[in-house]
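Pasting a structure below so you can have a look.
Chain IDs A, B, C and D follow the sequence of writing; residue 1 opens each chain.
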Amino acid sequence: MYSELREEICQANKKLKDNGLVRWTSGNVSYRIPGINRVIIKPSGVDFDDLTAASMVIVNLAGEVIEGDLKPSVDTESHLYVYKHMENIHSVIHTHSPFATSFAIRGRDLPSYTTTAANIFKHRVPCSGFASIGGEEIGREIVQNIGESPAILLKNHGVFTIGESIDKALKAAVILEETAEYAFYALLQEPNIDPLSSEIIEQCNDFYLTSYGQ
Amino acid sequence: MYSELREEICQANKKLKDNGLVRWTSGNVSYRIPGINRVIIKPSGVDFDDLTAASMVIVNLAGEVIEGDLKPSVDTESHLYVYKHMENIHSVIHTHSPFATSFAIRGRDLPSYTTTAANIFKHRVPCSGFASIGGEEIGREIVQNIGESPAILLKNHGVFTIGESIDKALKAAVILEETAEYAFYALLQEPNIDPLSSEIIEQCNDFYLTSYGQ
Amino acid sequence: MYSELREEICQANKKLKDNGLVRWTSGNVSYRIPGINRVIIKPSGVDFDDLTAASMVIVNLAGEVIEGDLKPSVDTESHLYVYKHMENIHSVIHTHSPFATSFAIRGRDLPSYTTTAANIFKHRVPCSGFASIGGEEIGREIVQNIGESPAILLKNHGVFTIGESIDKALKAAVILEETAEYAFYALLQEPNIDPLSSEIIEQCNDFYLTSYGQ
Amino acid sequence: MYSELREEICQANKKLKDNGLVRWTSGNVSYRIPGINRVIIKPSGVDFDDLTAASMVIVNLAGEVIEGDLKPSVDTESHLYVYKHMENIHSVIHTHSPFATSFAIRGRDLPSYTTTAANIFKHRVPCSGFASIGGEEIGREIVQNIGESPAILLKNHGVFTIGESIDKALKAAVILEETAEYAFYALLQEPNIDPLSSEIIEQCNDFYLTSYGQ
């Protein structure tokens, strides 16, 4: 069942690798099917190049496998925690994007230095506390700390993004790495550079939400 | 109409992504058709991989859509401002090139440290003041500050380049990122390194304009 | 003989280049065939793009060529030293991965700053002493210093990884470069940042070994 | 005439782009045909993607075009100067490799920090004085300063490599950028790190020249 959706989630997972946000088998995209609280997620430890629609795993919100021959991602419970606590979120993405992860290693929020960052993340991409892998702990850190941003840095680990659609969560993941890359270059030269002012950030974000795109 | 030109502008937009100057949907190429003051430009918020000749939008200098089913880029008014104030310019390009954007975050001009930079940008790539997205404000910053260079850093935002042809504006965008990358590496090691002297820059630029290419 | 295995080792060598861990002809993958102490290894000085299954060289543990028209890698004796001293290791990989090699130039261990590093390398990726190329010296440095990690930095040279399978040695090589990249970015901004605590590292590694993958 | 050689030089030029050593139209490979002092070189200002065997230009040592419809590279006289003063050199390559060029902007030699650098460049890649483009001046800087290395950093400009064959000059260009990249990362963390000792460099280089490859 859901063969088209499985294919879509499979392709979304591969896009993480195409955009340089993951390597080997780490990182994952999940999607909550509207209305029925079933979640499609990447299987654990499978290389992105080997993913197929058939290898995607479908679980219910209790984490029980409903369809699929493989074990789901070890991050599944944390994805489910987000879905259970954020009703309008339908996609959760995890990456090890290198520039963003360097801020997560330092345990620092990434403030908005550009109009692009203000458009997508508003004031900052927050950094969570440390969370163990395998249970709901990562999910709790996401829900507690992500605030207005669709992305969060997970301390000493990597990145999570969320969205009402796969496309929005993917965009947040791709733009976070762009934003982290040039912020890193700028901050290496001038460590005390000021982020954009709150007023400019609000104005950028309002314009983006009301006027950008089709 | 203009199906060959639409295809050419579509391909020029895709080259921004192929050259690592943009990600996802941000950035755009426009072209003013000689003689008739019609401008072909990327639609707003469309992924570079999904662009087709048919999706390009044609506007007049007042910003009214003449042909095309999609909304034009939110940067359209600024592109038009450039065309209205710089008669010989037929292409405007906007990117978020990471190394160049790091100089724009710092609000710093990028002086010419290499013969290549002197050839294309002469003395420096200037950095503009901050401009809001969506109106003519970016266009005004470009026209007021770009000077002799075909490229300008847009404060806390990214890069704009201009040219008499698409090829010249594209070349400026590609070479700016090359130039910003090795200047960044050099300046990290030696922050007070001297740019080339004015005399050498003039000599490089003269030779380039008179002797380079076919 | 062993044409399928030769093809597999050939493809594993090409993956080093696909993952940005080697350039031109440097670096190599070898594999010890279970039970018979024959080792398949890359030929010396052959471009990764020109490798074929037929060009792979098979040697015995004394370093004598058993099959193959080409000279084996100049690192062969060091690969064999590892196989002779580590019974459960069936694959050895050598790369010049740029971020990891920068730690090897400095002669520094790379401590674990992320859950991913703790999963794969436990407490640290150690750095060896300097070893000459061409004999067993590199092999001795690996066996003496690699400890609990499947990867070692070879002083002023590059990286070696080992594994019970090709896949495990390749994973260690790919994840080492990911880990070295974001650690480098973080340490440039904050040189005294703390690695993960021993307790967290043990917990990550235990979970990874017991619960990750299929 | 020489259609196979033209194709070979054309492909060698494209390899500069494939290896990230050039962008747009800058940089070039030339080859001196053994015995007859004819040189095949890239045409001036042509995009690497548009190069064909037929577009390559053949000149004599006086710089006169013998075959070809296009103008040769503006660097032709400097290539010829090298061929006239270094009898055993049959290929000259020019790139704008970003990490290596950052050392050229600083006007610094790149000492050998790794066995790979010692193998190919021996003690160091020297940096020349500044030279104007368009005449023999660059060629003179190369001949006077390149010493034992097959590569030289051209001050405020880029890189030149030389070789008895195209393959050797290409290898020097590719390995120089690898070497410059990890040296840059190491030196950013520890600016006073020691290069390899002369004794180790001699030993590496001897072993490489006598034992590496087929």
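Observations on the model:
The criterion applied here is as follows: contacts are C-beta pairs under 8 Å (C-beta built on N, C-alpha and C of every residue); 3 or more make two chains touch, one makes a residue touch a chain.
Nothing here was measured: the structure is a model prediction, and the numbers come from that model.
Under the touch definition stated at the top, subunit A and subunit C share no contacting partner at all. When chain centres are defined as mean Cα coordinates, C lies farthest from subunit B. Under half of the residue numbers found at the subunit A and subunit B interface occur in both copies, marking it as a different-residue contact.
Between the two copies, subunit C and subunit D, the C-alpha superposition involves a rotation of 90 degrees in steps of 5. For the pair subunit A and subunit B, the distance between mean C-alpha positions equals 31 Å.
Remark: subunit A and subunit D have CA centroids separated by 44 Å (rounded to whole angstrom). Counting partners per residue, subunit D has 184, 188 as the residues that reach two or more other chains.
Viewed as a contact network, the protein chains form a single closed ring in which every chain touches exactly two others.
By the document's touch criterion, interfaces exist between A-B, A-C, B-D, C-D. Of all residues in subunit A, only 19, 113-116, 171, 174-175, 178, 181-186, 188-190, 193, 196, 200, 203-204, 207-208, 211-214 touch subunit B in the complex they form.
Within the complex formed with subunit C, the subunit A residues making contact are 23-26, 43-46, 70-71, 74, 96, 98-99, 101-106, 130, 132-134, 156-158, 184, 187-188, 191.
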